[in-house]
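Can you keep this structure in mind? I'll have questions shortly.
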Amino acid sequence: MLKNYFKIAIAVLKRRKFFTFISLFGIAFTLTILIVLTAFLDHLISPQYPDTKRARSLYINTATRTHSGKGFQSNGPLSYHFLNKYVSSMKTPERVGIGSIFITTNTYINNKKLEIDMKYTNADFWEVQEFEFLEGRPYTAQEITNGDHVVVISEQTRRDYFGETTAVGKYFETDNVKYRVCGVVKDVPITLIFSYANVYLPYTLSKTGRNDTRFEGMYTAIILARSKADLPAIQDEYQQTIARIPLKGEEFNELHSYADTYLASFTRILLGKDDSSGVGKFVLSIGLFALFFMLLPTLNLININISRIMERSSEIGVRKAFGASSKTLVYQFIIENIILTLIGGLLGLALSAIVILVLNSSQLIPHMYLAINFTVLAWAFIVCLVFGFFSGVYPAWRMSKLQVVTALKAQ
Amino acid sequence: MIQLQNIEKVYRTSAVETLALNNVNLNVNKGEFLSIMGPSGCGKSTLLNIMGLLDAPSKGEVRIDNEATTSLSDKQMAHFRNKKLGFIFQSYHLINDLRVLDNVELPLLYRNSNAKERTRLAKAALEKVGLSNRMKHFPNQLSGGQKQRVAIARAIVGEPEIILADEPTGNLDSAMGNEIMDILLELNNIDKTTIVMVTHDEHMARRTHRLVRLFDGSQVS
Amino acid sequence: MFTHLFKLIWNKKKQNFMLMLEILVSFLVIFAVFTMLVYYYKNYRKPMNFEYDQVWSIGFKMQDRPQSNDSLYVFFEALKNQVKSMPEVEQLSFSGHNIPFSMSTSQNSLDYEGRHVRSIHDYTVSDDHAKVLKLSLVSGRWFSKEDDASRYQPIVISEFLKDKLFGTGEAVGQVLDKESDHPRRIVGVVKDIKDHGDYQAIESAMFRRADTNALRWMEQALIRVKPGTGVAFEGRLYKALASHLTNATIEIEHLTNKRQAKNSMTLVPIIIMMVVAGFLVINVALGLFGVLWYNINRRKAEIGLRRAIGAPAGSISRQLVSEAMVLATLALIVGCFFAVQFPLLNVFDLPASVYIYAIVLAVLFVYLLVIICSLYPGKQAAAIYPAVALHED
């Protein structure tokens, strides 16, 4: 039966080339947009080089300090002092990587200006993140304590500063300070804000906030758990730690901070409220957007399908006259429509591969490489089925109500 | 009223030429009720279409009301059909999405007339065919005979001099057919409308003034 | 004829419902796009009212500053004199974080005789700021040394804020925030500046004179350089700054680049949205075209009949186009009802005129789309041979 349906579907598609073109165009284009968007989302959310251990990592982005009486509220990253004292000392994590938000500075070489994004880190940062070293090695805890002027630079910075040559052992100057390059890592796109920088330096070299014992600062922490199962325990311990921190002598009387999974650490800032991390809201709004975006193409497909059905009313009449029930006809039409959307889906997949290729080679965001991966493919397939189903149901229902006589007569 | 001279009609498809009408000469007088008979495919409908300016002959001349029609432009022809001709079809050809009254008003839409006048004339025409009580219905709520009566009302609403009827009783049983025939005869008698009717019902044809028979595109009597 | 077409569509409303819904949703999408376009275009048309071409910003993030007010003052004066001593530098001023085209903003509120104006962009700047950016004064003067002795904090406000506070009345000399412990006096009014990029709306702005306290946290300087000054000088300047500000991280940026970056933050989403909306519209147009075209086949008999009873060919194609227009009109009436809610409920805090322009443009656009999509099907319909159409069954 399915084979039969398939044959009819292909025949119908061939007969009305223009309608087929419109349907396929609509489906392919809609899916292309959705696939490219999901690829981008996937790039943002799924583990990426060098943040490959996201599944067993927790992130501390910010802390909110409030004074309910004075109406004071302040929100921002934390100081190295705070993270080192309270987070690094926690029992449950395996390691705690600490890195600053990136700070931009310039360096001038051969009458060329380079904009350098610097990140100050501790030694565990290199353990928590899996950077690929093209040459050299990360700086060690000992070098950090000594205050040695050593840096790790990105491949791009090496090319810009030293040209097409090796850099380890050479000196790199910025902020009027000379640093010895101890390692070169593969580039990271700016979309991974916990990992991205052009130049990585020991936190002891930071010009600001070295001896700062205040809470606010410019650092974030990545907590690596021994296994995924430990995450809730770490979150609990962090909450207990936060609750125990004495707030005497501060201008606030409440401190809120969360160790979140990667996605939640962003949604909390955008959509979070009180204790909820905002992941639910985020998924909901993405879903609503996708639904609304698909509404117009679906309506379009419904209208085209209604036309197609009316055109085939005599076929339907004959089938009914020879004993097909309304139900089988509805099935037939929906299956036909799903076949159509799947073909459109294949086209859309090809089209999005091209779009992603163009996006990647244009380097709109430097070093960002999108890919259609299996999650994206699976989503695209589901979207196809939903799309085909919804755009087929209403016309099929209309069709099934056609009277045999009118269907036969309306040629 | 209608003069057909040496009418020939050839249908060409890619491979074959079919001669649908062969040298037909016919005069229809003013006030006459003429019927055309013949077997299926003999060209009677083609002849009627040519008389109604719906189709152009391959050869020959059609004169209506002493006017040559061959050289008329599309717009003039449309105007001519609207003013002088009324059509009735076997399958009624009512617009299913319009109510009876709106269907009857249709020819007046293509004239300069105001809405009130149109409604008045359409009601009068429906009255003539005895359907004043069905004005607000949709065509698919009516029986075949009623539908054909609506079609007649539509044909006469513009007070044409000629009515062309293509098997008006073909889809109806004999009782209803006779009813339709009565209305047409009355139109012919009282309003002196010239009527040309294609039919294959001997009984109906015998009630008209004159009978013309066609066979394979040629006039046989 | 119009009522006739209306009846035709109304009586078929069930079949036409989906088509109307599609036009309605398309209208709403197009309306949203036009609202954005009109809004940004209106903003774009307004003058910038300051010059940024030769202006560079210097960021200096530093922790340890001189503790006492006097040494702090001396430190900043020395920095200023050192930079200004370079022949390429024409002017220099210090500023808070919210320099032109930066990502950071700072907002405040002002009170004047019971009127409370909120969301005022608050710029803390030094005396030469107006010269660096070449701001144009409408009335009064810019603050300067002569305000040192003033009891009030001297501020300069923008015209937009002046209209909000005083309407047509005089602003210069008025004292604001009288009740608070730091009342301010307006010394001048400047033309509105668009310092958040070409496409941003004009908003209220106030400039306050940087006092010694501000020197504790200001991390930005703006300099105006001579035309033609290039990277070579920038390198020298950087070195000079780094030697003076030994414990600071320094970043020099050109306002022209910052403007580009800021503009593209507005433009990129618009372009993406327009590409997406454009494809949606093509999609809908093709669909509409297909459906209308197909409908002719279904209505061959009706069209043949109309031709038989005297409709000229032109009238048929006009009828089909008009039918599509009536259909669109019905959808647009509903669409406009929704669209009008935006200015009525003031959903996004945009001026009502933006929505009204957008509605008008979107309506015209939808009509244009419908006409284009129905012209060809209309032509096809007019070419139908009545004799063939009427005898097909």
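Residue numbering begins at 1 within each chain, and the chains themselves are lettered A, B and C in the order written.
Simple rule for what comes next: a contact is a pair of C-beta atoms (placed from the backbone, for glycine too) under 8 Å apart; a residue touches a chain by one contact, two chains touch by 3 or more.
Keep in mind that this is a model prediction, so the values were computed, not measured.
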Inquiry  = Can you tell me which chain lies farthest from subunit C, using the average of the Cα atoms as each chain's centre?
reply    = B
Note = Per contact tally, chains sharing the most pairs are A-C
Task = Would you mind checking which chain's mean C-alpha position lies nearest the centre of all protein C-alpha atoms?
result = C
Distance from the mean Cα position of subunit C to that of subunit B, given in whole angstrom = 66
Query = So, what's the distance in Å between the C-alpha centres of subunit B and subunit A?
reply = 71
Remark   = In whole angstrom, the CA-centroid distance of subunit A from subunit C equals 28
Query = Got the subunit C residues that touch at least 2 other chains?
reply = 393
Message = Could you pull out the residues of subunit B that touch at least 2 other chains?
response = none
Ask   = For subunit A, which residues count as touching subunit C in their complex?
value = 18-19, 21-22, 25-26, 29-30, 33, 103-106, 108, 111-113, 115, 118, 175-176, 207-210, 212, 293, 295-297, 299-304, 306-308, 310-311, 394, 409-411
Key: subunit C-touching residues of subunit B, taken from the complex the two chains share   = 45-46, 49, 52, 54-55, 74-75, 78-83, 85-87, 89, 91, 93, 95, 97-99, 102, 105-107, 109-111, 115, 138, 154, 158
Key: Footprint of subunit A on subunit C - complex, ascending   = 15, 18-19, 21-22, 25-26, 29, 59, 61-63, 230-232, 234-235, 238-239, 242-243, 246-252, 276, 279-280, 282-284, 286-291, 293-295, 297-298, 392-393
Note = Touching subunit B in the complex, subunit C uses residues 1, 3-4, 7-8, 11-12, 301-302, 304-315, 385-387, 390-391, 393
